[in-house]
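Chain nomenclature is as follows: A, B, C and D, assigned in order of appearance, with residue numbering initiated at 1 for each chain independently.
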Amino acid sequence: MSEPVLSLKDLETRYGQIYALRGINMDVQEGEIVALLGANGAGKSTTLKTISSLINASSGSVIFNGQDITYMQPHAIVEMGVIHVPEGRMIFKELTVKENLELGSFTLNDNEIRKKRMKRVFELFPILEERQQQMGGLLSGGEQQMLAMGRALMTEPKLLLLDEPSMGLAPIIVNNIMDIIKHINRDQGTTILLVEQNAKAALKFAHRAYVLETGEIVMEGSGEEMSKDESIVKAYLGE
Amino acid sequence: MAEIKKKAKTTNPFEIIVEALFNFFENKVYLYAFIALAVGFLIIFPNVSSRFTQEIMTNLFFYVVVCLGLNIIVGYAGLLHLGYAAFFAVGAYTTGILSSRMGMDFWLTIPFSVVAAVIAGLAIGFPTLRLRGDYLAIVTLGFGEITRLTIRNLDITGGAIGLIGIQRPVFFGITLNQISHFYYMFFILAIIAIIVSYRLENSRMGRAWAYIREDEDAAAAMGINVVTTRLYAFIIGSSFGAVGGSFFAAKMTAISPDSFMFIHSVMFLMAVVLGGMGKIPGVVLGSMLVVLIPEVARGIGPYRLLIFGFLLLIIMLYRPQGIWPDKPAISAKE
Amino acid sequence: MAIHEILIQQLFNGLLIGSFYGLVAIGYSMVYGIIKLLNFAHGDIYMLGAFSGLVFLSIATPAIGAGWGSLILGMLISMLLVGLVGVFIQRVAYRPMLKAPRLSILITALAVSMILYNTVMLLSSGRFLPFRTEISTESFFLGPLRLTETRVVLIVAAFALMFIMHMFITKTMYGKAMRAISLDRDTCQLMGIDVYKIIALTFFVGSALAAAAGIMAGVYYGTIHFYMGFLIGLKAFTAAVIGGIGIIPGAMLGGLLLGLLESFGTQIPFIGTVWKDVFSFAFLILFLIFKPNGLLGRSESERM
Amino acid sequence: MALLEIKDLTLRFGGLCAVNALSLEIEEGSIRSLIGPNGAGKTCVFNCMTGFYIPSDGEILFQGQSLRDKKPHYITYLGLARTFQNLRLFKGMSVLENVMSGMHCRTNAAFLTTVLRTKGQKKEEKHIREVAEECLDFVGILDKKDFIASNLPYGDQRKVEWARALATQPKILLLDEPAAGLNKDEKSRLIELMHRIRDERDITIFLIEHDMGLVMKISEKIFVIDYGVKIAEGTAQEVRDNPKVVEAYLGKEEEETA
């Protein structure tokens, strides 16, 4: 196998004296969709936050494209092409949809390219174009998720970190979002690391998956293998 | 797991001395002996010192009283109060007016000045304590200015000139008019203030203030009424200031609006913050710094506030908990 | 004077004073929006602006006089310098405190304020200094309105600055980033925004505007004093609260409203100029009680 | 009559509906769970019940009394205690002091008695301490009472929160994701503790959980919500067999037109 795009080596993160991650090792190859599964409090979001430097690791390292980014500033990591779409969407509710998207391309200095990219985002999410002058907070949950993803795409990320994109959404919208994730991966070749609790939905299209439990990786395998694995079902529905 | 971990050995001389002192006073006998010695020394002090030093010490005791009151608001309840001089003024003027204009006996004016402070405290605190914390800072600042401007412009307060002819207190037939009298009066007042503060701190109410300071929502979820508990701190603290003001008026016999400017509020706050908010010895230490530094270093007169400003900034940046150290904590190793 | 003439005159005066308040309030409001700090030192920044303008004039007058040209040049230079002072203060005193308890950073701001005005007090020996210019003080009438050249230029300049500020905030990427940071700092980092850089920029812009207001006040009143920032700091805060703190158009609106309120308030027989400040503060307190989120602010129902 | 009754509870934020016409009843002495995927609105239900949010619509009755427009501290006084999803301990204070906070609403020493140190006040202080120590003993961490709360390991911090809630002497205990971040061992001890709280202290338990395995083991009846709407209610078996629940948790089985 070639050099992975992202690799975590013995990554540990603490909140005060409490360990949230206890030595995580994982790799993400170029062009892959990798799912990160696990119960609440297992450390999934913490893993993403440590990668994007919202939280500092206490030891271990995060390597992106061969470069150690463990202790880089969050904005510098964005400039390298790693975009984190946080849990709960976190769009700017009091800015318009268009302003939200523009901020997604803050690192860009060229207005022409910005317009071009926005056009592409609008092709992917036509509803955003219709609502571009509306305040972000007035969008529905699904539309907010689309905005959050569209905003991330404004930078043309090399690696997209998605934290629970299906959270709080109706099933029909979840399917829609999942299709778009597949699309982004297939057509734009974006590598995706996905945190999802909707395990089956995620495993259906994830190339590989890791399962976290209390800050440790307890299982790893291909999406197909795992979706057939009874123990995953058990972990989510109880014995 | 869970073994008791002592703080790692330090090479910082300040911390070494502090640690040694803490260990020494861990033994209650030493602690009580030290306190007894200190109190004994302060009792005989007027017999061995000049009037000038007694004046300074009286001023120090006065600061301790007023700042312990402010400490209840700022240190215990975590509310930034920038108009404390106004409550001090409420007390001073209540006593001043009742004494100089109506000839009321000094001791009788004190309940009135407390009531006036409570009313003022309620009027400011009740509507604003439910708002964002930092709004209170501005409201109290504004209130301080309103109070000063009001007493400056009213007739009953004597306008810009102020009040004169405030009667001296009579204590068991002795009219208190010597500096040593006031020395002892403020000394007793300071001791009372320390005891009251200590008892409040280690009580149901004191803990409630600490809970709210640490996490307002969790405190509410534990059944603590956040607004009334804060209001208590505000009123009790204001009353301390008012009593301090009453005694101040009695000592000076004349008061004017110039004693109650914003800068006085700042000096009180400084004493609380420099030594260590929420810690009684810290407040005493802070009062000593604020009162004694300008006296010891006479030359710094005009630079006093500038130096204090830098001191405050440095303390906040390097020791936000103030100069007085925290008790070493017991912690568990995982 | 007929009653409507008084009203028009007071309207103009109110707008003029109000625009000073508004300019100072913008900085107050922006800083609060972005790092939730009540910057007590902001009034002193305004004072610093006035003094640096005076220093410039005293150097420049022999060479280029003290007319509008040198005033504007002095204003630009002062805005730049004082803006940098604001950035420096932010870097040294506030940035290390961003994660500290709220009370600590408020006290830090208080300390900065003490340092600033006491330094200027020592340098100016605590005196009122004349702010001499060579601008015509002759008055002329525009309908019922009595004006001077100074007043017209000042009000035009103040409104122009507010307009530029508005455009900056709504149209540029930096302006948008500022608004975004005040909404959600963490998410901004995920957009690749260097949050500290934007905070520094906010201090620069806010301080520069306050400096401009300080110089304008110097021209308007003719004297300056080391303590001139204290009162206007309070008033600007009041203005920021009236408009909805953290909301920039709100700060301008609040400033103008407060200016009008004072200028009409002093006409009410009972209040007069003696009680003017009491009136403003009482208004602030009442406003905080009944409409704490300001005229343009949203209600804060969402918690936890 | 049910101890707690929620009728048509609705909570809207801006245009979004976090809780939508939710109704449920909790009988005295029972253990009930509310489950649902992240973002389904579970914590919002708790926040409405404890007075931190004001519901847009609907009613919450506790022993027949409406909790609408009641302040959080008063609701605690009435007998509803809660824990938080992300621990909300008083971090800088000792474990014992943390738990003593729970006794605040059951005691009443005020300014004068405190300053004068009356007999009653001393007795009350002793009582507060005793109750707090008893609660710490009950959850099994009495030996750590003098530690600073934030210095304890995560599992112990959770226990402090429990002891603190117990010290308010509640009739019903609301637990927000009590198993989050715990390992298997700790989870089984948690189940035992919940049973002891119900059986030995007669406290009704209502918990929010994400971990279905744990919930199924402990509760007699389960309510399932998804995007703010109740989609199922019943015993563990009934809920497990409900296709809507399976769908909400595992995603749709059948392939969509891709």
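The working rule: a residue touches a chain if its C-beta (ideal position, glycine included) is under 8 Å from a C-beta of that chain, and two chains touch if they have at least 3 such contacts.
These numbers were taken from a predicted model, which means no experiment stands behind them.
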item: Shortest walk length in steps over touching chains, chain A through to chain C; value: 1
item: Farthest chain (mean CA position) relative to chain D; value: C
item: Computed distance of Cα centres, chain C from chain B, in Å; value: 33
item: Inter-centroid spacing, chain D versus chain B (mean Cα positions, whole Å); value: 41
item: Distance from chain D to chain C - Cα centre to Cα centre, in angstrom; value: 48
item: Touching two or more other chains - residues of chain A; value: 17, 19, 93
item: Two or more partner chains touched - positions in chain D; value: 52, 151-153
item: Set of chain C residues in contact with two or more other chains; value: 303-304
item: For the chain D and chain B complex, residues of the former touching the latter; value: 50-52, 71-74, 76-77, 81-82, 84, 88-93, 97, 100-102, 104-107, 109-111, 114-115, 117, 121, 124-125, 128, 143-144, 146-148, 151-153, 156, 164, 168
item: Touching residues on chain A, where the partner in the complex is chain C; value: 52-54, 73-75, 78-79, 83-86, 90-95, 99, 102-104, 106-107, 151, 155
item: Interfacial residue positions of chain C with respect to chain A in the complex; value: 173, 176-177, 179-180, 183-184, 186-195, 298
item: Of all residues in chain D, those that touch chain A in their complex; value: 14-16, 37-41, 150-154, 157, 177, 179-183, 210-217, 227, 236, 240, 246-253, 256, 258
item: Contact set on chain A toward chain D in their complex; value: 16-20, 39-42, 87-88, 93, 137-141, 164, 166-171, 174-175, 179, 182, 197-202, 204, 213-214, 233-239
